[in-house]
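For clarity, chains are labelled A, B and C in written order, and residue numbers in each chain start from 1.
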Amino acid sequence: MNFTLKIWRQKDAKSQGAFETYKVENISADTSFLEMLDILNNDLVHAGKEPVAFDHDCREGICGMCSLHINGHAHGPSQAVTTCQMYMRKFKDGSTITIEPWRSAAFPVIKDLVVNRGAYDEILQAGGFVSVRTNSVPDGNAIPIPKEDADESMDAAACVGCGACAATCKNGSAMLFVAARVSSLAKLPQGRVEGARRAKAMVAKMDELGFGNCTNTGACQAECPKQISIAHIARLNREFLWAKLKD
Amino acid sequence: MSCFLCNSSLGKKLVMSLSGMALVLFLLFHMSMNLVALIDLINGDTQYYNGVCAFLGANWYALVATAGLAILVLIHFVYAFILTLNNYRARGSQRYAVTASEPGVEWASKNMLLLGVIVVLGLGLHLVHFWSKMMLVELMGQHEVLVGDEPVVPTDGLAIIKFTFSQWYNVAIYLVWLVALWLHLNHGVWSMFQSIGWANDKWYPRLKMLAKAASTLIILGFMAVVIAFYVMR
Amino acid sequence: MAFKLDSKVPAGELAQKWSNHKAAIKVVSPANKRKLDIIIVGTGLGGASAAASLGEMGYNVKVFCIQDSPRRAHSIAAQGGINAAKNYQNDNDSVYRLFYDTIKGGDYRAREANVYRLAEVSNLIIDQCVAQGVPFAREYGGLLANRSFGGAQVSRTFYARGQTGQQLLLGAYAALNKEIAAGSVKSYPRHEMLDIVIDKKTGEAKGIIARNLVTGELERHGAHAVVIATGGYGNVFFLSTNAMGSNGSAAFQCYRKGAGFANPCFTQIHPTCIPVHGTQQSKLTLMSESLRNDGRIWVPKKLEDVEAIRKGTKKPSDIAEEDRDYYLERRYPAFGNLVPRDVASRAAKERCDAGFGVNETGLAVFLDFKTAIERLGKETIKQRYGNLFDMYEEITDVNPYEQPMQIFPAVHYTMGGIWVDYNLMTTIPGLYAIGEANFSDHGANRLGASALMQGLADGYFVLPYTIGDYLSKKIQAPKINTSDAEFDEAEKAIAEKIEKLFAIKGNRSADDIHKELGHIMWENVGMARTKESLERAISEIQALRKAFWSDLKLVGTKDSFNVELEKALRLVDYLELGELMARDALNRAESCGGHFRSEHQTEEGEALRHDEEFAYAAVWEYKGMDQAPELTKEPLDYEFTHRAQRNYKD
């Protein structure tokens, strides 16, 4: 297969970026999207040019490192997969593919397609944990947890922190990310203890970092590679408002 | 406690949700009042609707309710602008070159401000058409108002309706306005439940159905009056 | 000068060693902890849990990772689960049984005391993770669920769907975040350690040189102790199940600076990976070992069926039951499809070598769920493995509910690593290695669901205590001065190395050379090794190393975000590490666990150990790039277990 690639190139955070066009040829349909970029990059290196910088690591859809806005979709046009799990057979032979970095004020571009998602770390540092000390905990089976609650907690915990939600949201809102963590812990007795404090602290940090406001479009869940439901946003709203009412 | 309604994203959303909810209730109320005009139209009468108009004229309770309503609209509108401005900033200065619609995302949900602005513009016109000829006239201490060329008493709402919807362009404007309102409510009604946290995966289909039903009911009620008076002009 | 290796294993009964040791080692008072700095490199299960625990105890911790967030470390990709000797399933499991299975699974090449301690603290890990809000799978009664894994006859594996590593790492990362918020830990993402700094007078570790991967700036960081938690070096094979960024460089710098590197040839080849599909591939994908709970592995009995499947004239599902060779069930009746990974991998290779490989390249076998779907229903299978099946279909375009999966072994884990004593300290005082980066617990083969266990055991429960013993001697020590001559020299050496790489101006990209290295490694130092193949590998790697230093093409600049430079720097180390692995494999003229020397096998084709000659950990000392390293042996005395030929047949 052959493709024309329109890729955003930007030297560093301070520089102005622009699209550049590249051709890749003889790509097997079984090649993954990122392997296709590897091939392009190896060609660029041979031509003495700087390869396209993009984030990636595990290539199994779990580390959350890969990003890319491909043809208008976060993680490309396929549903429920990260960019690294997308294969070229999903694209039409001969087509033009536009590749952009995440665009969000809270995710500044570092280089080309690489952005800084440190804001997500900061939100979790604000309260996305259970305050237990190492070695000072009860037996794992001391508190039975209904299977449905554990399952729902796991649904939310599947978040890989890739940033697709905020990158997709027309409001640049990180609500799905924040909600996934808050909701996951809220469904477990261990997390409930600090539920109110956590919801308030994480929402405050999210606001402080310049993310936008959720307007319930549901675009985040549509583009989320882990298909995390906005029902978790509803739970975050509930947790937060309830906590505030009690203040 | 009070400040989170102004400075927290979720607090602001709560304000949008609650003010929206109150406005939806008002629309339901307003729509049912309008249906009274249809009864008069069918009976060739004026007593029922104008009775309502007299009841809701420049009396203290109606004035308080009107002022409250105005504040609600203002809050809903101002917050919408503040939120949208924040959201625009949050997207960053560099925009996507290519965008696509995400599967399952309603157009209305992404264009609430646009729809809201249409609704407010329509509201302005609506106030000129009706409120300025009714409650405002009474407040100014006058007892007569010109509708077309006819002087009528400001509680003769039926005469004002008849006059307004006898003109085709007013009908057309009102229909567009109502469609915008319908779209706005389609998203708004279920969204307000989401914003206060009363939603989950099981309830989304139900809430969305409720939103469709409520918005359709409201809009059909309003449209019925507009169209009926135009047809029977 | 050979190493004087002291494993510091405490005397006494096996079950008492750890408690006795904890009671005997020194502790540091809270007031003194505040004065002590610790650097942790790597934020996987080991690094994150250690950083969180040490920060919580009151030390000043700096933690480094190459990714954009600590949460992305490759521990996150572990799918199947984590072992613990809880005996929640009432199948007569115990600490001893977990210990014994691990020792036996490792083919008697691990240190008894370390493994016993690992089994002992395994239960604490589950408790800790539950308390952190890790959503482990549960039964309807609300209690924790378990599944079976290879190499064990009890159900002791705890799991969170197919994402156990992710959930455990998010737990450790959350604990780390708690400490970052509290100010006791400072995080340095997108930083790569390029060298370890050693005090010339005392020989103790005193800091690192790290490169800021965004700006390219070289930074100096001093500390009273340094912990390496950077995982394994499987990517020396280019194609592996490791993340693209996983590398052996931090560990290799320690080796260069004098830390012993133990058993480098012990590599785990995982039996259930998606087969290689072409020459343009960058990464292999693992399918969780948990699939072997319900999947049955087979190839056709008849070569004509193999031909027909390769040509596409027959579908695998067309092959009649009696024409299928469920070779693991045939050869190992007692464990069947759940034999340890090394055994399963070799058995697949044996069938493929005999011509029964089922894809065009002849390098694939089937993993079939037909029987399980008939027995349990599609819904149950979907619940258990739905996400893995979806992932398989996404990659291969084949629906595994209808046709069997194709799998083939791939490089997955390295049991070898930096030599550490019972305290997890390397041969360099003040330098520690934990998790996959060290060599200590898995011997010659790691059992499934034990890597997560080791990472968290080291990070939460072992290192935080043992490091205190060393640091208790440092309470009077001043802050490390990073303007010292040692830091100057180390930074200068790196700057020169980078200049040298840019100055080559050759024609081959780092990836080209790395691919060739991977090919040499896989062909000669892979699943089966011989004296000849290893000697060939050594000479070919040496030649390739020369080619690298004369023909590398490096683009970009040193003071910017430059992935090519990162690759080149890591490749410098792979090109020496590969040779070290081959040398170690050559030295070890026996077969054990994942190390299979074709000359040394039983009549049935199983690994044949030579305990009288090779019951030791081979610890290598660096002597220079083109010099042969020096071997020191740490004898592995088996006081408490009887060493036997591994038997998974009955």
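Going forward, a residue touches a chain if its C-beta (ideal position, glycine included) is under 8 Å from a C-beta of that chain, and two chains touch if they have at least 3 such contacts.
Only a predicted model underlies this, so the values are computations on that prediction, with no experimental measurement involved.
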Point to revise | Centrality ranking, top chain (CA atoms only) | key: A
Practice item. Going by C-alpha centroids, which chain is farthest from chain A? Tell me that one. Key: B
Point to revise | Pair of chains with maximal C-beta contact number | key: A-C
Exercise for review: Report, in whole Å, the distance between the mean C-alpha point of chain A and the mean C-alpha point of chain B.
Suggested key: 38
Exercise for review: Would you mind pulling out the distance in Å between where the CA atoms of chain B average out and where those of chain C do?
Suggested key: 63
Check your understanding: Taking each chain's centre as the mean position of its Cα atoms, how many Å separate chain A from chain C?
Key -> 27
Review point. Tell me, which parts of chain B touch chain A in their complex?
Key: 1, 4, 7-14, 83, 86-87, 89-100, 102-106, 109-110, 112, 187, 190-191, 194-201, 204
Exercise for review: Please name which positions on chain C make contact with chain A in the complex.
Suggested key: 49, 52-53, 56, 67-74, 76-77, 86, 88, 124, 126-133, 135-144, 160-161, 163, 165-167, 170, 173-175, 177-178, 180-181, 187, 189, 214, 243-245, 277-278, 280-283, 285-286, 390-391, 394-397, 460-461, 464, 507, 509, 511-512, 553, 555-556, 560-561, 563-564
Review point. Considering the complex alone, what residue numbers of chain A touch chain C?
Key: 11-12, 27-28, 30-32, 34-35, 38-39, 42, 44-46, 48-51, 53, 55-65, 78, 80-81, 85-87, 89, 110-111, 114, 116-118, 120-121, 124-135, 137-141, 144-147, 150-151, 153-154, 157-158, 160-161, 184-185, 187-188, 190-191
**Study point:** chain A - residues contacting chain B, complex
**Key:** 6, 8, 17, 19, 69, 71-73, 77, 79, 98, 100, 103-109, 168, 170-173, 203-204, 206-207, 210-219, 222-223, 229-231, 233-242, 244-245, 247
